[in-house]
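Listed below are the structures to be examined.
In the two assemblies presented below, chain A is common to both, partnered first by chain B and then by chain C.
Right, the complex of A and B next:
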């Protein structure tokens, strides 16, 4: 007998993850013509910087956006780096398989982590232009590979076409994505501003950008110092759930629960691990594979009863106040700049983060990216807030972000600033191995009270310096005006007085000079 | 020679889609203790309603939330329906495999569509409580199956434990999820309000809800009419991309391009298909399998040059003004209610949608769900905006939604309403086979201008009726006050006048009665 259920379940199907993201491309940032183009640049550039840093290479990256066939919404995006290159056999998986990558299992501060980004570019190019993505790469062996990649969306697999090898003394990777239904704009949301923001937060990166009209911009690196390579950061007991512990138990090489806790978690000594096992009533010598859910729950609870050092912050890699200052000076050329790197703090009871703030005033600060009109985007005048997480720019979804919230809570008038008109750029970067993003797009940070407070504190600290600068400038201006008055009236007064007194007119020049001199040194 | 690349790519891994969503549970709505609990109820209930409607069954659904071991953040959620039941062999895939389901390939108006929802519940229960989800189901064959399901997150596969079969005269499915780190609240964001909203928008659904404290609420169905079964809606040429056309070409049974276009797309006759092929310069007799990307692009372009009927709206299933009115009366018991179902409109040049609006005033309208305090959630007083897409409540992410935008753009004072205080519930439902959600969470609709305008128009139409009602009420109140004045002073005047005139006091009662009578009929 055929039931209604049999009829309904005759339609039962399974989808591949790439088919899922094809249907939900907006989840990957492919929503709107401008944002889609910026998303491609973002995915390529973050991958390149991560790859360089993982191998201690000074990143040198170029991005070129070219119009194809003079069509208005049809572009080729070429991104090239000097990172390690990609071994030939990994090309199909890196570019054609979603949820695959080198960063998935490592808890360290990196920009990417899901193994979707660059395959997402290939997919978007493919579904809008029908064209494969071209990859040229060399690991520095003297030989380079050139191949075209498409994704078999039904199988979530990369397909390679027209592969060729050739001699080339070069190391790095070049990716060429062709996409339609994208638009180029020099607005806040376009690739130019994205790269400008990247340059500020990554002063060690050398960036070259060629726009569709041929304009070439070089963002020189403002420091020669290669940042430390990212360090894996084991989970800290304050941040774990029972389920995390069981996953660690499955993967560990330790042969006892006590060994598991002391080798796989941070800040847990052998003695501490034994103490926790005792409190949890779980034998310290039990084999990790035999750890039950109940054991894991008891251990998580027991950890709350022992004293532990706060999570290590050695794995966090803030930009540093000096480098940030160089970066802001390089890009914004301001009259005033103040940068601050705060000491590490924790949120949710245990997850470490570091806030960095920079304020730039005058010069190109507070302005939308220079040049050209912004098309139909509306630019707000006044303060330009630029947000970063682990040095990657957050361009979209500004409204719901903890950083925006913190900046809004400042009474800027107290610092002598009219935010609707001042030439001010406010820079904020949050570094953490666990940035609490609000969504898949990773463009906005959740409202954790500790993060908001710490950000607010850091902004106020920098703003106090700005107030001092503005105050001095006003004083100087007042003196200049006063001097102007002297200059105008002193000769007249001198003449009149001399005429009244019947004496000859005195020379006031030296007197005036004294007044102006005083101003120059103010 | 081992290159830096070899070292780096030694870490290359592939993740399963369920591992991905474990790490990114927030993308599925598992963020925050209250929202996580509501998400479980939402996934269970939408699945049940979809399954009933797909087979023409009047949905009868019960939800029970019980505390486990008196722990504050540990609950069991039991959801039972009277739908078709699930054939035994599909249990592991329905509950334990993400991106698998009966609704993936069909373009029709349904609540769910990704095949993630209920597996997501199983995953969330498993990673927070360590417990499997219990499923009891019967297709009405006289035999039921009981099984426990967990997800093997590494493989994205369901694992079954303790399966047993027993005789049972019953048809339907019961799902029991045990979860920790969730909280129960009767706030706007809790399960009670979610179910209340579901009842309003689905007057054919019978809902029973048992809360953790034992309170039982029955939302009776307000109509006996089973909605039409959802109809698959072929894509309309206005909404397709070249890539869509190639996917159709791969799956079609048609043997020519012209056949492909006329059978797989809506509003395309054989003659129209031939015309398009001619314009596109693609042989009408070409085999679909041989359709190239260039062909597809030319066809998409050619479709813009021919006249076509607008997409069919027969597949859209709005609630209907009468049923909506019944639903609102049933749940809110208001003094005034006005509901409107607008005719179909299109957005983005071709995608059809229907807006429905209901305004209820007085009674329980405008109030947070009755009873109990709302804990730490802050409830706003005044107008209660409840948003729906395809009859499924949108509870979260209200700020960025097109519906919210439309409601804010109304000058409510013109309709005599003070939105900060009025006992007003504004209901909006958008029906479409292509609801443009802003994100994976499907809780907010993108700012499509046509949708905002149409929603605004519908709200104003209903609000005009409300103004009339409020105006009449004010008039009635004024008359009542006037009558009060008569009642108070008429006898005195009569007495004084009689005394002055030296006559006996007249009987004013009949006169007063006339005035009050006039009020009663106002």
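Right, the complex of A and C next:
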């Protein structure tokens, strides 16, 4: 006989993370028709670049956006890379399971961090168009796999349909997402600008983009140098949160909490781990699997009371001033570029980060891409601020970002720049294994004072060079004008004076040299 | 060519050549040519008590060929000078406006407006101390007319100011090209209005007073003033000015006597400091019981202005200005018609002339 409780608990089920995110798609960046499309491109391209870099491959990525059935808000997004490919058995987890991946537990400075990106695309495509995502992948074995993937939202599991294998000499992964309720625009928020920004910050990446109207844009790679592979780094206690600790606890081989802390975290000795456990009032010998949320919270708090060595900075991978300069030159074709990679700094007392700044002036710099804004923000002429975190473009939420704040705090007039009119692109990239995003959408950086100050310092350093350049340019222009004026009028003066005096015309060359040589007279 | 013309002709050509030579020397030494141009701003216009007219003070401006802002102006000034040289050499004249249009084709570029080209001509006039007419450049307007016993020669043409029709001989802007041949007149009577001019001709005042009758047509044109100056200097004739009895009439006379402030740079060519005012005065208004008009506000203001003007700083003028303000009335020359058309010639002018001729050594009755 069924009790009331049985009946009641018959409705009980575990809500999967995918179910959770299906209800909260906005947190993943699926908000607004233009932004949703850009998010899909972002997730695909980010995964591709990370995959190439992890295996030391020069990334060659193509993105194609096509209309489906001429419907205005129905698109197919095809993204292809030349990375290692995905072994067949991992396809369901990579594309169909949230929070699964190779990144979260490694604390590497990579673009992606949480392992929800590409499965988010699959989910978004699925719930808007009802269609599965098609994956074609090959590890270069001479054989490729084609499969259609959908997410079982209840179980947070990938489901595979129509899997087929065929002979193919190609290596890489091709993902085809079909989505509705998205719109294509060449605005600041659209995929074109996103890819253009990606090209600047990733000069080693070769990008091809085909727009719905058939326009093909190739962003050639500006360097042949592949960035160093990211080194896996254990997390540092200053950067962890309770759920990080719980995830580590599930995976660890350590048999005690004390062991968990000293083996899985950076800069934590056995003695420190015991000290923290004592402070947190958590038994050091407790089995990691039995660690509760409350325990984790107490441990995170306790870490703030002990002295620790700051995290190592060796894992930071800035773009490098030279490569960034190449990237900016390649994409913007400017008259002036100054790029700066600052030495590592820390925030929150020890979390390392590196600020990189680039200023490009003239050429295609400063001009926002063609097309109108989506109405959220008025598109301005003049300075274009492009923000990056670990080389990934931050396109949205510009207003609340530490980078924007830092750029606004600068008195640009001091550098001879009229922000509202100058053809200027200001590039800022924050590299860190612990980028303090303001939200899961990862589109803006929290206003950590150290990050704002360091960014401001870096911008001013680059702007000083710009001021010199602008000053020299004005001087050169003035000199040329000056020389032109004298070249025009001094011979006339000589000729007319000779005519008045009734003598032959004198040579004005030495006078001309003297007056137009930049020496100011009267 | 008349003597005065010859003199000016030579001075013009010498000045222009001198300007050229100075610049050539600078260029040969690789020194940026600099032109010193007398300043015509109001703070450099001063009243010369000795000569009794306005002159330019010692201030001058520098135009440097080494200055980016001025080199074009220097070139334009030289183009203008060359243009003037051609005019002087060929004996031709051009109006200021014609020159402005000619400049369209110059190497140093056209002027933005005629004000610019006029200013450069004034620069040259002030620099050389020569009036524009001597540089072959003339204003648009003719002078007024002269009637009387004077014969002149202009090129191959003989002129008789008695036989140029009832209106007399019209004084051209190029009056310096006209040579005075023979003059039987003993004085010049210049009148403000053409109405009075014709009255004097009809009443044969030229014969009665042995006078050249000049009509001013209001404020005298440069050509008229130049004619009066020449008649005074070359023919030794005293010049008498008969104007309306109001502040504007006073001043028409005074500009002929002492020159105007804005032509200070050239007043030595135009002012006739010995000319005498025999126009209607406040005393005349009272003495002759002339029909009058009430002074307007503008007249009162102007009279007060004149009272402070250094040119009016004489007992006679101060008295008459004060008196006109007292009576608050003004009268025109033609008001004498109250006593008949011939009254002015038969009564008024003889009395006036008698009054002034005693004071001057020039001319005899």
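Rule of thumb we're sticking to: the second predicted complex is superposed on the first by the 406 of 522 C-alpha atoms of A that agree within 3 Å, B and C clash if a C-alpha of one lies under 4 Å from a C-alpha of the other, contacts with A are read in each partner's own complex, and residues count from 1 in each chain.
Keep this in mind: a contact is a pair of C-beta atoms (placed from the backbone, for glycine too) under 8 Å apart; a residue touches a chain by one contact, two chains touch by 3 or more.
Fair warning: this is a prediction, and the values are worked out from it, not measured in the lab.
Of the two partner chains placed by the overlay, only chain C lies in contact with A:508; chain B stays clear of it.
Of the two partner chains, chain B is the only one that A:241 touches; chain C does not reach it. When the two complexes are overlaid, the chain among chain B and chain C that reaches more residues of chain A is B.
Once chain A of one complex is fitted onto chain A of the other, the partner contacts of A:85 are limited to chain B, with no touch recorded for chain C. When the two complexes are overlaid on their common chain A, residue A:497 makes contact with chain C while staying clear of chain B. When the two structures are aligned on the shared chain, A:489 is found in touch with chain C, with no touch to chain B. In the superposition on chain A, no contact is made by A:170 with either chain B or chain C. Counting contacts by the rule stated earlier, no residue of chain A appears in both its interface with chain B and its interface with chain C. Those residues of chain B whose C-beta lies close enough to touch chain A in the complex are 1, 3-9, 11-17, 19-20, 23-24, 26-27, 51, 54-55, 57, 84-87, 90, 93-94, 97, 99-106, 114-115, 126-128, 130-131, 139-141, 181, 241-243, 246, 293-294, 296-297, 399-400, 437-441, 446.
Residues of chain A that touch chain C in their complex: 481-482, 485-486, 489-490, 492-503, 506-508, 510-511, 514-515, 521-522. Those residues of chain C lying in contact with chain A across their complex are 16-17, 19-21, 23-24, 26-28, 30-34, 62, 64-68, 70-72, 74-75, 78-79, 81-82, 85, 107-108.
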